[in-house]
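What follows is chain A paired twice: with chain B in the first complex and chain C in the second.
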Partner chain A sequence: MNSTAILEVRDLVIRYRARGLFAPRSRPAVNGASFTLAERETLGIVGESGSGKTSLLRAILRLIPVESGSVRLEGQDWLALKGDTLRLTRQRIGVVAQNPYLSLSPRLTIAEILSEPLLAQGERGGPAMRKKIAALLSDCGLPADFMERRARELSGGQAQRVAIARALALEPKLMILDEPTSALDVSVQAQILNLLADLKESRGLSMLFVTHNLKVVAHLSDSLLVMRRGDIVEFGATEQVVREPRHDYTRELLSFGLIGARE
Partner chain B sequence: MPLLEVRNLSVTIPTPEGDVHAVRAINLEIEKGEIHGVIGESGCGKTMTGMTLLGLAPKGARIVADSLHFDGEDLSKNAERLRGRRIGLISQDPAAALNPVLSIARQMDDVLRAHRNMSRQARRAEASSLLAATGLPDPQRVLKSYPHQLSGGMQQRVVIAQALATGADFLIADEPTTALDVSVGAQVLALLRKLVSDRGLTVLMITHDMDVIAEACDRVTVLYAGLSVEVGPVGEILQQPGHPYTQALLAALPDAAPHGARLAAIEGSIPPPRSGIEGCAFAPRCPKAMPVCARQVPPKRLAEAHRWLCHLPASAP
Partner chain C sequence: MTRLVHRLGWPGTIAFGVVLVFVLLAVLAPWIAPYPGQGAGAPNVAAKLLPPSADYWLGTDHLGRDVLSRVIYGARVSMTNGILIVLFALLIGLPIGLAAGYFGGWIDEALMRGTDVFLAFPALLLAVLMAAALGPGFLNSIIAVAVTWWPWYARLARAEVLVLRGQPYVEAARLAGVSHPRIIIRHILPATGRPLTVQAALDVGPALLTAAALSFLGLGILPPTADWGQMVDAGRKFFPARWWYSAMPGLTIFIVALAFSILGDALRDRKGGANRASA
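Moving on to the complex of A and B:
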């Protein structure tokens, strides 16, 4: 990778506390992860359930403590930030979760959902904000009249577009996506993947994209990271990993299903 | 004669806001010993079809069919009796299918006692051998466990063992791997294939995932808006799909495009389930639609061993 790094993770260890005072230490959820995400690139993170993907993302968002290791965000020692600085800096990261319905309050209008992060940042409501929201919706492929709709009236794909628009509201440079298309049909998944590719281009975004589905993320990622039981078993340029997977598990994921469809 | 024959099935559910056409016109022919896939987008009627075959359609639903037969028996009369005896269900969420407060031993025994005439001793041996048949490494330990002590993949194997315990030889698997990891899901599919060849089972595999069809099925029926629009051997359908909808579904997959290229998304959405349909249901989204498509129901087309419904002749690219 030739450009500068937006995110640098070194020897990151995450361990949830074992329950009970005398319980033995649990094994780490993430066991010494090191990787780099270059600016304007997408890193795909793949691994089976419980392999540590979400824990890694949560730690990067500073939602859970880190046992050891370092995280640098745009060169800054990200783990050292505290209080308001942390809160404000965190908004430079946009987050999209798996289930669009769970992540949007069903009774709020789309305008309310999208203005939330802006108001929290101290922006004032009014025509200027509405214009901004309309522009966000249009960037995400939704017409402005969606503003008055409520989240529960949206299809899965539309709800995920709103979730992406909300993540973009504060103009983050880094986007974190945890299984953003797993709950969607293939036809809608293709629309969302195209949208993410467009946004990456037009906004110069860097993305961490977590999924079970190696083939989905291999399609749009520049590099790939494969996790297994807290360990990184594979990290490299996507084309390299797809061409010469080093781990059996990666091979298994790559060979599932359509590739080389049966005669 | 096919093991399962469904001709022109419709399932209509009356609601205060009007009739929901959950299934409009579905045909299924499933031969003994095959894994037959049913694929389509969310809401196209996959689950409702499966539930109807199990006699579990919602109360008040209007079920109409020219034929609805399982092994010569009329399912519109006998579905409830056949469920459990010949026809079993494997659902998406194994945790919900199991009772959280009973041990696996107790749950296996309940099923065996209800369905098979066996001594206690024999039931215990059978439970263990069925769990072993689903590839669970330590059946004795599994028998002593409670559902929450098992992983999702292990739970799904227990559900499959329970279905076998009833003596069912036809399994309806509704998204059986959707809640599982790709690699665990692949193992469950391999298990189903093994059971089909070892025990002569027949499986109806409901899924929205083309990878599951490619991985596990012999033949596949493609559904769109409550209609079966194409059917044939998996290899043929994946390599030379006839129906423009099947073509679009395959083209939308990430594997279909070069790395980083735009994917061929299908714009628009399925017709609302309360609306009527004129002509071809796919016409509003079909890139190849012609004026006739909006007016007339499309005719049957045939190429090699697969059939589909479309106004375009079979030879058109």
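Moving on to the complex of A and C:
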């Protein structure tokens, strides 16, 4: 196990601004989250909706502002970056969203969608790029002739593979996945999870995997972070958390997972 | 043709046909008008104020010019007016609305409060004031009306962008490191195209009416160039005894404005557009 941290979050507080001048300060959406993600490791963030896991994720992606705390990406103060530096540093993180039909533009072909990050990085279009895109598609288990299609012509699983291919386009070391399987059929979910496990192995990725389904993430992640109402209620190695959960809430989540497994 | 009917429906297709006919009339005026010289302004005092007849289908005006020829020549000015006003307004309003909606925050506040200032004045009054300040003339009257028109496009574009900005695929592009101008051009602009083209088509009619109103007030294009609004005004002195002088150009304005409005409606409701799939 490598101990170098790729992502380090310290005392992160996120609070949505209350409307109105005299409105009481709202409860923080994330209340002092701290965790470390080591290189080549996968961290599962689990919690019900409203637990703050999506807020945490969006703050790490710099999509919403942070009230206090720090985030370091490969040792760099990530929250201090601005403008073009932020734009280019962002490319070191690959992101996969929940619903591929929403996260892939309905107007562009798959080739155009996959070329977007490459072009943004400054690469030139042309045969070399097409070759690269075809390689990305095949890495994600798709044939190269998908390039001219549009997202709506693909199945949910295929579309999500395209989204994963886009996230991988710039060869990031860190992947952030926001419920990447919850919009998919159960049988397809397993395929996507296997693909992610393979990619993690072959590309040496670190992953931040957010889900409400503990079962989905349990066999993919090295450590688990359980959130509830903005607080981190549990953080530890997956095995330990699953075997002897310290918090009732984790037990509850685990029981959902087991019911899911019997189905 | 059948595809067009399927897409736009019958009223839309007919409206499209009417618009097309008037565009052709405007372009081919010298070849179509029965008296091209009179259409361009040459007087013909021997035939003053004649009622519609086989020689002069829509009658003649106070200088003996064929009203039909004048209406056909007027299409050049009036159609260009309507279309250019909308284009100018889009040219100003669209970038402002896009920037306000996309960047939000103080940029949004500054741009939209500025826009509100223009909306605070009654549109026609502002146009008249602008036209009076700039002086009469073809380009001036277009600018005068466009100045009152662009805030609506700014608002519409901003509203569209606010919805699009939160779309996961726009967010995904941002996270992939795509620059703001590129996101706007590649993701935002194509998606705002549909509602804006509809609005633009709907607005050509009213824009043309406003331009006609300006020339009616003597603030538009100057005689002897034919313009529908100015013809209605000139014919007013002879109304109702010589009704055709005012009524014919007036009726034409009505038909064209109506056609653009029906066409706009049809574009809004059109079926099977490639943009339909946008969530």
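Here is the rule we go by: the second predicted complex is superposed on the first by the 254 of 263 C-alpha atoms of A that agree within 3 Å, B and C clash if a C-alpha of one lies under 4 Å from a C-alpha of the other, contacts with A are read in each partner's own complex, and residues count from 1 in each chain.
Keep in mind that, in the parts below, contacts are C-beta pairs under 8 Å (C-beta built on N, C-alpha and C of every residue); 3 or more make two chains touch, one makes a residue touch a chain.
Keep in mind the model is a prediction, meaning the values are calculated, not measured.
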Joint occupancy of chain A by chain B and chain C, clash or fit: fit
Touched partner set for A:Leu214, first chain B, second chain C, both or neither: first
Chain B versus chain C as contact partner of A:Tyr249, first or second or both or neither: first
Touching partner for A:Glu39 - first (chain B), second (chain C), both, neither: neither
Touching partner for A:Glu48 - first (chain B), second (chain C), both, neither: first
Partner chain in contact with A:Glu123 - chain B first, chain C second, else both or neither: neither
Which superposed partner A:Glu239 touches (first chain B, second chain C, both, neither): first
First, second, both or neither for A:Asp231, with chain B first and chain C second: neither
Chain B versus chain C as contact partner of A:Asp139, first or second or both or neither: neither
Shortest CA-CA distance between chain B and chain C [superposed frame, angstrom]: 14
Sites on chain B touched by chain A in the complex: 41-42, 152, 180-184, 186, 208-212, 214-215, 234-235, 238-239, 248-249, 252-255, 257, 259-260, 262-267, 269
Residue numbers on chain A that touch chain B, as the complex places them: 48-49, 155-156, 185-191, 193-194, 197, 212-216, 218-220, 238-239, 249, 252-253, 256-259, 261-263
Of chain A, residues touching chain C in the complex: 61, 63, 84, 87-88, 90-91, 93, 95, 97-99, 101-108, 116-117, 119-121, 150, 152, 163, 166, 169-170
Contacting residues of chain C [partner chain A, same complex]: 167-169, 171-179, 182, 186-187, 190-191, 274-275, 277-279
